[in-house]
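Order as written gives the chain letters A, B, C, D, E, F, G and H; numbering starts at 1 within each chain.
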Amino acid sequence: MEDLYKRLDKDNVAVLLVDHQAGLIAGLVRDYGVDEFKNNVLALAHTANFFDLPVILTTSFENGPNGPLMKELIELFPHAPKISRPGEINAWDNEDFVEDVKATGKKQLIIAGVVTDVCVAFPTLSAISEGYDVFVASDASGTVSKELANVALTRMAHEGAQLMNWFSIASELQRDWRNNAEGFGALIGEHLPAYQNVIGIYGAAQKEGIK
Amino acid sequence: MEDLYKRLDKDNVAVLLVDHQAGLIAGLVRDYGVDEFKNNVLALAHTANFFDLPVILTTSFENGPNGPLMKELIELFPHAPKISRPGEINAWDNEDFVEDVKATGKKQLIIAGVVTDVCVAFPTLSAISEGYDVFVASDASGTVSKELANVALTRMAHEGAQLMNWFSIASELQRDWRNNAEGFGALIGEHLPAYQNVIGIYGAAQKEGIK
Amino acid sequence: MEDLYKRLDKDNVAVLLVDHQAGLIAGLVRDYGVDEFKNNVLALAHTANFFDLPVILTTSFENGPNGPLMKELIELFPHAPKISRPGEINAWDNEDFVEDVKATGKKQLIIAGVVTDVCVAFPTLSAISEGYDVFVASDASGTVSKELANVALTRMAHEGAQLMNWFSIASELQRDWRNNAEGFGALIGEHLPAYQNVIGIYGAAQKEGIK
Amino acid sequence: MEDLYKRLDKDNVAVLLVDHQAGLIAGLVRDYGVDEFKNNVLALAHTANFFDLPVILTTSFENGPNGPLMKELIELFPHAPKISRPGEINAWDNEDFVEDVKATGKKQLIIAGVVTDVCVAFPTLSAISEGYDVFVASDASGTVSKELANVALTRMAHEGAQLMNWFSIASELQRDWRNNAEGFGALIGEHLPAYQNVIGIYGAAQKEGIK
Amino acid sequence: MEDLYKRLDKDNVAVLLVDHQAGLIAGLVRDYGVDEFKNNVLALAHTANFFDLPVILTTSFENGPNGPLMKELIELFPHAPKISRPGEINAWDNEDFVEDVKATGKKQLIIAGVVTDVCVAFPTLSAISEGYDVFVASDASGTVSKELANVALTRMAHEGAQLMNWFSIASELQRDWRNNAEGFGALIGEHLPAYQNVIGIYGAAQKEGIK
Amino acid sequence: MEDLYKRLDKDNVAVLLVDHQAGLIAGLVRDYGVDEFKNNVLALAHTANFFDLPVILTTSFENGPNGPLMKELIELFPHAPKISRPGEINAWDNEDFVEDVKATGKKQLIIAGVVTDVCVAFPTLSAISEGYDVFVASDASGTVSKELANVALTRMAHEGAQLMNWFSIASELQRDWRNNAEGFGALIGEHLPAYQNVIGIYGAAQKEGIK
Amino acid sequence: MEDLYKRLDKDNVAVLLVDHQAGLIAGLVRDYGVDEFKNNVLALAHTANFFDLPVILTTSFENGPNGPLMKELIELFPHAPKISRPGEINAWDNEDFVEDVKATGKKQLIIAGVVTDVCVAFPTLSAISEGYDVFVASDASGTVSKELANVALTRMAHEGAQLMNWFSIASELQRDWRNNAEGFGALIGEHLPAYQNVIGIYGAAQKEGIK
Amino acid sequence: MEDLYKRLDKDNVAVLLVDHQAGLIAGLVRDYGVDEFKNNVLALAHTANFFDLPVILTTSFENGPNGPLMKELIELFPHAPKISRPGEINAWDNEDFVEDVKATGKKQLIIAGVVTDVCVAFPTLSAISEGYDVFVASDASGTVSKELANVALTRMAHEGAQLMNWFSIASELQRDWRNNAEGFGALIGEHLPAYQNVIGIYGAAQKEGIK
């Protein structure tokens, strides 16, 4: 299928998860409900796994109050590179991290992290300046307030980042349900509880009809 | 421990879960986020299980568009009575339901359901009028808007219902962490992701200290 | 069926619709979206018709800027008494209106109107003081802001009014789906579009099952 | 009349309605009130009919939980092409759909759908990349939250889409009331209930004046 | 006209305006928009003047940062007693103030002020304890946040205060438009700009009709 | 003073007030509080008068339900051209209007109107396409919801309009308080009641200091 | 001064601060902004110190993830009893705590804590049932959402608690500025930054006047 | 370290604080909570001090109602140039101010002020037009409403300003924790109370681990 616009291509994309650490989330994420944010991050992580995308994890000061990475991320990506940055705030300032990104050979990057205005915005702007196409997973990224999220997303959009969210990312990667309808349905159903309810009604009604 | 006020007593309470059905939730619950509401209902259900409280399930027209009960509730309470009401809107108008309630021998009732203004409010007012102490689990009950939830909760409070939420219910039943600190901590941690983050930081820090 | 609490009884209730006039709605109702409010008022009106409840319409200064009654109400209740009050702000101060209420022989009153803090609150308090049971249809009543609606509803609740909404009113009157499941389903489906979507999925799924 | 800016021209525009299906709406649309969203979609549809614009309908998995197209759309456009996509998420990836678009011979496209960030954003970006002028009907498009809607609309605006809404679309197509004042007034009045109230007052006042 | 419930009677009511001072309003009122609050206070003041109600003004530390009384209030009530309290926070603790209240001979009191939780709540509770019927003008009273306003209004309602707002107060005092329709219409129109717009349309339409 | 950026220059600017009519405001403006919107429009109008800017008024169907222009605007601009458009929705499609604009000889235009997405957006885009610099007075323009306002403002910003508000417009025109400090202070004080309170405190404190 | 209603009396009141611990605040308080909540708690604490009120501190599991008490509270009350509850959730279930309360000899209790629905509500209801007058400091108490805070405050109000906030508490205790105007002004100014701004303007203006 | 994108460089940046005066803040800032705004401004100021950035203060009419500069700013920057503008609204129109900016020799400017749409937007646009890179500290800038803030930030972003906030500014300047981890941690901890709570838990847990 020829590409119609600069869109996500599952054969050419890597996922960078930046600083989804317990202390940062507890201390700084207030623009999403707690349940909602956890669900969004895990949805993006499951999406990465579903499409076998290379994932790079990184943390900042994880032995201090920023705390350990969300334990679900560690479990989901046991073989992913995990760069514990000794001090660099912008992950792109860490040479190991950039080398790991380059080693993937991908030219598209999905970036999410905590907090949006720092841990997402800085590597996003750096990667764009080096020629990457960056797709920001806005709802798997959190910060201190909705106002700050808006300001940071506006900054990135004006510099050329594509603003997306986990569900549009999953959909743009999948392109066609027939590539694996059952698997994709399960992925979506698990993280969209309202849609799961609709599936529940549908299944029940079908059985009624069959009777 | 002598009782200081009319409070929940785990030896004298039953839980009534009214019409948590897929179609009703998809079609009518808008006062809570979808993730948040699902989490609240399951938290209340796990609380009931943790304290071995008698639970009574009931549904309205489950073979029609109201849809099947949330499947997690069926799995959690395989032996609970489940009254499929043939038409009564107020569960208390169904004799089987009331008999099941009476059969528990309890005088305190925790009630949650969908929608708050109908499926919760009607049996709450009926039970109060028959002398029960009713504790409404407000956040495991949902309806069309925050305004309608407020109106329904106000109606119940003025008739004598105690307004609570799953976390205060769990805490009032537990009374003392020493009754089972590990189990109670796990119950709470699972349904309060922000608190889970705090636990994560704590555990990590402790390990650092030990080194 | 014996009555469990002071609840609506379709054989003992009248509906008072107070000042749902075009000018008042355009000029003063801001606590509900415009679409939403119109839907709520018509839902209550259709409920009254469905249960053949006596309805009394009244207007204030309808030949001035307050404007004519919503034309749908006139069409729905061609035979209802319609009291054009020459000046009384509290409908209960108008003798014709009170006589019409008394002529219904009912002891329960459902009241809705524009604006909540005046046209609903005043006759509600008057009717309570004369021994009626009053059920306020909060979402078919509108006013200048959510804050004012809350203040007025609190005032009425503390004086003994039961706060309800059109859907809980319809449900409390219906009591049992078997009294006319099809008709009641149609009534609800028409005014709860989200529920109508659920019905749509259900019907479609059933057909799929049958195939 | 010479064209002053890239604006909608009723002789050069087609309307694409993407996936307004009962299951998707029930399960995923939370950025608009349910009444409000239904009204907006129908308003856009009536607008298309009023101007005799070519309309193309498309659905995704309509025999599964996504459910059937809103029944009002089927009734309004009995002769419109309706592409049931077997799997493509981006409607523009479906050759039949693109052929139907091309067959209209129009260079301007109005696009609306569910959900905004997927079913609207993807074909919008595709169509722009193929040289079409795209006008997004933002309020006839819905998604999971206001935040996600903003993110998706920002992405489209930065790629060159014109953000509009049903009322501005209708007005830009109409250009001059004198082209059919009565018809246009009826179209608007039906979907702007607050404006309808104003019309009501006006009409009543006029009669008073005549007396 | 016999009184149906404890309602405002223009022959038996006094108005207490407590601490509507420039510094307190600038520094502490955040639960209403600035324009909105000023309009509400003046609307209540004009209502008092329209019905020739006795008004008592009081200030706290007006020569310090609390600042002078709103200058419009001074102009509107040139002959009203104005008690500059030397230190008492609860106006009812000031003997001169209470004497002035008693001198009016009225048993109903309308109270408004800044801030709601202090300058309104304290004299309201004092006056109730001395047997007065108190009607709180909630929207002519302001404080630091909506949450604090709710808390303070709840406290007062539970102690027996009637919660009202300037428009319901004006309407309850007026009782019948025929007592002075033109004057009352002007009073309302001036402070309800949306209603004024409706009046504008009406007047224009009437002229059209006459032509 | 040399000009640093494309900014408002009081010698080179005209003000276009489009369709601030009573019926449109009553029926359609919901993104601002009623008091707040009226204040904003009058503030912009007074600003135009203060700087002796040429003003062009225009209305759409003012003899129908759209209603007459706000009467304050008529009083403020007795000598301004007032184009009653016989049907054109985009004021720029009306030749008389464009001629009047051209007759001013100005190259900068401040535009405000009702509704933002139609009556403001259309002439804004037209004027930009003809080479004018357009400054949108966002808060003196209103529409059906905040969402629609955002969508329309985004459209205009992407086409090159400068988004402003009455206060920044007044300030950019004034440039230096010394050009008429007293007059400018009065203009601002009248329409920023919170600032007026601050002035009140200041004045009072000064007197205390003098004593 | 004779007491007019059940109001706070600085000679008869003790303050109970329940579980203001770092982990609970980080993990569970979402109904207030973080800055705002910290300010409110410290404001209440400073109020207690200013009036030399007996204060009782208590914590739950402070050596676990609930974390240590806010360090400012420890510094402010070095001599206050501090009960580290070994497990009791309701502080009133801890005998040492109740003894400490009784030892104060006071009959009025101000209670604040984290979270409102548990750590505040439970001891509040217990203390009321033992005959104390309880004044809840609502804004120095926090919980998971505004909805839960409302539900818990409603429960307490219906059981007889007086709902207040730190500023109304401070004001009711102070009663008269002359008891220590400077000290009270400093207390308020420190925790109401907006009021501090007003004081700043006042002071500056006074100096200008003196010149 | 080579620079990857146009980012803040602590050796090439100056900070302009425009009109953070008591009267302007009290009278005009409503888009942030009062506590929150004060914290944000001080956080930016401490950031400037921490990195030894040249700071330029300026005020407008500080001897009138606009009031004195926030006293904390005067204390923090005793040696900074402080330009009392005699009348220019746009600080960039004041020659002394521009000379002071030029004297710093920096090409990057961080700008914050009150109000966003005037005192921040005007010098931002002027500085951009003269070739400076401008970084707006959005959360240390305040205005009358969130809507106006959005409008002003959009205007600046479209003209090329980088939208940031105090925390992302501090982080971009710091680049690497190792440049002074303790100092930077203290800076952040002081102004992010939620993060401070996390630090508190961490420290306590560490001690527990050590035991």
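Definition applied: a residue touches a chain if its C-beta (ideal position, glycine included) is under 8 Å from a C-beta of that chain, and two chains touch if they have at least 3 such contacts.
No experiment lies behind these values; they were computed from the predicted model shown.
Visitor: What is the graph distance from chain A to chain H, where chains are linked when they touch?
Guide: Steps on the shortest route: 1.
Visitor: Please identify which chain has its centre, taken as the mean of its CA atoms, farthest from the centre of chain G.
Guide: Comparing chain centres, D lies farthest from chain G.
Visitor: Check the residue numbers that chain B and chain C use where they touch, and answer same if over half are used by both copies, otherwise different.
Guide: Different residues, largely: of all residue numbers at this interface, under half are found in both copies.
Visitor: Going by more than half of the contact pairs matching by residue number, which of A-H, A-C or C-F reproduces the interface of C-E?
Guide: Answer for C-E: the repeating interface is A-H.
Visitor: Using mean CA coordinates as chain centres, what's the gap between chain B and chain F in Å?
Guide: Comparing mean C-alpha positions, chain F is 54 Å from chain B.
Visitor: Centre to centre, by mean C-alpha position, how many angstrom separate chain C and chain H?
Guide: From the centre of chain C to the centre of chain H is 54 Å.
Visitor: Measuring centre to centre with CA averages, how many angstrom lie between chain A and chain G?
Guide: Averaging C-alpha atoms per chain gives centres 42 Å apart.
Visitor: Averaging only over C-alpha atoms, locate the centres of chain A and chain F and give their separation in whole Å.
Guide: Distance between chain centres, rounded to whole Å: 43 Å.
Visitor: Would you give the residues of chain B that are in contact with at least 2 other chains, written as numbers and ranges?
Guide: 23, 26-27, 30, 34, 65, 67, 150, 154, 158, 192, 194, 197-198, 201-205, 208
Visitor: Just spell out which pairs of chains touch, all of them.
Guide: All chain pairs meeting the touch criterion are A-B, A-C, A-D, A-G, A-H, B-C, B-D, B-G, B-H, C-D, C-E, C-F, D-E, D-F, E-F, E-G, E-H, F-G, F-H, G-H.
Visitor: Given the complex with chain D, which residues does chain B contribute to the contact?
Guide: Of all residues in chain B, those touching chain D are 26-27, 30, 34.
Visitor: Please name which positions on chain F make contact with chain E in the complex.
Guide: Residue list for chain F touching chain E: 22-23, 25-26, 33-36, 38-39, 62-63, 65, 67-68, 70-71, 192-194, 197-198, 200-201, 204-205, 208.
Visitor: Can you name the residues of chain G that touch chain F in the complex?
Guide: Residues of chain G touching chain F: 198, 201-210.
Visitor: Quick check: in the complex, which residue numbers of chain A touch chain H?
Guide: 23, 26-28, 30, 60-61, 64-65, 67, 86-90, 92-93, 115, 117-118, 121-122, 125-126, 128-130, 144, 147-148, 150-152, 154-155, 158-159
Visitor: In the complex formed with chain H, which residues of chain F make contact?
Guide: 1, 4-5, 7, 138-139, 146, 149-150, 153-154, 157-158, 162-165, 167-168, 171-172, 174-179, 181, 192, 194-195, 197-199, 201-203
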